[in-house]
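Below you'll find the structure I mean.
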Amino acid sequence: MNKETQEYRPEVAEKLERVGITNLRTLVMTGFGGHMYKFVPSFDVFIDLPKDKRGIHMSRLVESISEAVNNEAAYKHETFENLERDIIEQIWSKHPFARVEVGLRTALVVERKTPVSKKATMETHDVAVNVICENKRYTKVLKVSVIGNTACPHSKENTDHPHIQRAVGELEVECDFDKAINLDDMIDCVDAAFSSPVYTLVKTEDENQIVNKIYDNPKFVEDVTRGILDAAKKRFKGCKIRAKTVSQESIHRHDVVAEGSA
Amino acid sequence: MNKETQEYRPEVAEKLERVGITNLRTLVMTGFGGHMYKFVPSFDVFIDLPKDKRGIHMSRLVESISEAVNNEAAYKHETFENLERDIIEQIWSKHPFARVEVGLRTALVVERKTPVSKKATMETHDVAVNVICENKRYTKVLKVSVIGNTACPHSKENTDHPHIQRAVGELEVECDFDKAINLDDMIDCVDAAFSSPVYTLVKTEDENQIVNKIYDNPKFVEDVTRGILDAAKKRFKGCKIRAKTVSQESIHRHDVVAEGSA
Amino acid sequence: MNKETQEYRPEVAEKLERVGITNLRTLVMTGFGGHMYKFVPSFDVFIDLPKDKRGIHMSRLVESISEAVNNEAAYKHETFENLERDIIEQIWSKHPFARVEVGLRTALVVERKTPVSKKATMETHDVAVNVICENKRYTKVLKVSVIGNTACPHSKENTDHPHIQRAVGELEVECDFDKAINLDDMIDCVDAAFSSPVYTLVKTEDENQIVNKIYDNPKFVEDVTRGILDAAKKRFKGCKIRAKTVSQESIHRHDVVAEGSA
Amino acid sequence: MNKETQEYRPEVAEKLERVGITNLRTLVMTGFGGHMYKFVPSFDVFIDLPKDKRGIHMSRLVESISEAVNNEAAYKHETFENLERDIIEQIWSKHPFARVEVGLRTALVVERKTPVSKKATMETHDVAVNVICENKRYTKVLKVSVIGNTACPHSKENTDHPHIQRAVGELEVECDFDKAINLDDMIDCVDAAFSSPVYTLVKTEDENQIVNKIYDNPKFVEDVTRGILDAAKKRFKGCKIRAKTVSQESIHRHDVVAEGSA
């Protein structure tokens, strides 16, 4: 019969806040809005470990993901956070803990129209959704990372020639589990804060409109981050909001950053 | 005459916590223990921005790094944190702020002896040193990331055959600026917590000793993290300690993690 | 009317071998074996540029991906290479070239059974599929990257204690477009070459079998690479085969590598 | 007495082209132009393995690096390639091979003047130097990767507003070992091919000159790659030249690439 080494007393009696698995990739289905979507996210699952136990039972965390994910009714999960709550409920039945955190990182593809030619274009963004359960209270943290641009207001004013560059804007929203937060709406908040949104498919007439918009709308990283914060505060009332923009400067080898919260 | 667009009022009146530059790589010299060392770290410098200013003057942050780093007396800085305090003092003279944070990430090479053949071996670790100044009070956060291994006590007990894998241990120490903390001592705390320390140069007699030590000393990631916490608490009294171990499992595609603080 | 700057004569009259787009992520469907699968790959598309043209029309490459991918019959593509040939045919109708290369990198999830408990487990691997068309002849290069392990025969023989570590095995198969090559079979060739295959989900009885297998079956990276080559030569006759294994040593900070072709 | 498992016959009798170590980081000194420089490169060392031997003796490769690097006269190596030839000579005395390849990747800091304010500025670039010895003939491959920018000639012509972005230019030069090739000259070839070189330290008067130069000098990635090829062909006569530029588009989420050789 197998021994449960994890249940032994540890040499050093310290509580550990987060013990678990990271970078586990598996197939996930969601049934958002009645449509079935598939993803291959990277999962993290952490629980706390009391000071009198040597280890956690890692395989029970993996099993909890498997059981929540790999059943034919899996696409019943409308959102990532619903799936993650189910994983937490599976863990609940298998392993004691005081606090649990389940997170996933994946790519989300959304459809947009190009600004002038009005063609359909698929835009891909990195998103992350974490659900935390502590003292039986569920909260969640959603994050999107969106590519756009900045055009320097300082060089525009001094030379009429803004330097322009790719920038990456991030928005994080933290709130109670039950509050409905749409990742697509979060992406919109970031997209609208750049000098111009960008598109995967761009015809010459779209390109002309985008560059004209960039030139009419110069932005520092500070402006982009404040624009994200302002839009997110209005749209996601009662949530904790964090925003960050990193600009891959075209006149420097280093990047510039602006970060804030509201 | 050039206009200072940064001084204008922003459209959105939000304070920003961290605005600045990231991933700036430059040459640095330190004069630790009377010897001159050279590094090419990546720097981050962030200050806060009040809600009534549109932007910070990024070039003043770069100049502050240049002036602290590029003078012939640069190797007068015995430690990274001394250099960073000088950068902060340069910023102080050029740009208003309420809070500033200067960080660097680099590779530190330390000399060790192989365990049996007693040959000199150079071991390279990732380190990071951040200095924060808020309300004129200086604090610092030092971090080391050290490669080692775990050998599973559970599979050892059940099959006499532990699965073994590379693991990465991290130790972070936060304290007042003036407290002397040696990165090399921090590395020792992590090295000693693994099933065995590892070495770049290993002769057969060393290899035999290392693998025997691994087998006699099986460790979960939880054990390694607790070992780091225990050693660091004793050595760095009065500091905030955080430790984390990630094990690149040899029987799984995902990693396992244990994280704690003391 | 818009000008076609790309058609101008360049200042430097050099032919360029590969001009195009990289890291374009979009949604893709395949209809492999009658089932519909979804992926979000990263695409690369390159064509050559003659010495008398200043540039290529980048947007036509993006459009070619969009048109092949974003139509309701998209899941008609049974394989990635069929989809890529359709992209090439779209480019053919929009842009002159002598040579074209379309590649995608994505994560492939395959179902396996755990070795003892016989539970279903989902295993995720990185794969890449490139289709090249030159002088109207289509060829393809398929690549899989699979996580496994090595157990050192040298330390096993000298101490009875092999050091064990995660290893990553890669197999690349190059052949005519029409030859049927199954990515799943390629994954099997790599999986079988390790000391033991690994699994995402592992119960204690599986873990026992896996570690016993590792101990009975010590392998250098050289053994793994040769095992992949041997299996692939037998299974994919008439193809060019390349294999590479990287072992994340548990007794060193560096990695070891073995690479060969057949 | 220890057994030499590596000398056994392998199960699969395949020759392997490249067997060795990768990502080994250690301290290196060079004595270029009479000054002592220090680096912490990542090393790769590969030799071939005949079909009748099971493995190579990995520790002899590590020892060869140690012996060439860790002696007091180390800064006698004027260049990276001299150091690497010494490593090869060490391997020569310890391990049989038909072909050997020693490579290192590191960051090189060079001093420049800002274009208008004429301040000293330190610029950091990624470089790689490989030495290959086959049939007793030594050759080398040097590579630099330099950050700059592109400004789109197409959008400039159609809207008077070029979109601008960071671009990374790469130059690779392959030649006989004895040919003197200066990494600094290679960096100059790439720097000069962008719409404008970029600088770490930039005062407002420099920024004005840089952005004006970018606007007067729009470049596609194709133009940058051809400019690198043209300059390198003239400066490094008789060498094989490869160039590649990747542009991190400010109006797209993907990158664009141009690659050529001469």
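Letters are used for the chains, namely A, B, C and D, taken in the order the chains are written, and counting of residues starts over at 1 for each.
By definition in this document, contacts are C-beta pairs under 8 Å (C-beta built on N, C-alpha and C of every residue); 3 or more make two chains touch, one makes a residue touch a chain.
All of these numbers come straight from a predicted model, not from anything done at the bench.
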If you take the chains that touch subunit A and keep only those that also touch subunit B, what is left?
-> C, D
Compute the centre of every chain as the mean of its C-alpha atoms, then state which one is farthest from the centre of subunit D.
-> A
So how far apart, in whole Å, are subunit A and subunit C when each is placed at the average of its C-alpha atoms?
-> 27
Please work out the Cα centroid separation of subunit B and subunit C, and write it as a whole number of Å.
-> 35
Mind pulling the subunit B residues that touch 2 or more other chains?
-> 2, 24-25, 62, 124, 154, 158, 200, 202, 204, 207-208, 253-254
In their complex, what parts of subunit C are in touch with subunit D?
-> 2-3, 5-6, 10-12, 14-25, 44, 46, 49, 54-56, 58, 62, 153-154, 157-158, 220-223, 225-227, 229-230, 246, 253-262
Subunit B-touching residues of subunit C, taken from the complex the two chains share | 123-124, 147, 149, 152, 154-155, 158-159, 161-166, 196, 198-200, 202, 204, 207-208, 210-212, 214-215, 248-254
Please give the residue numbers of subunit B that touch subunit D in the complex, ascending.
-> 2, 24-27, 37-40, 59, 62-63, 66, 69-70, 107, 109, 119-122, 124, 200-205, 207-208
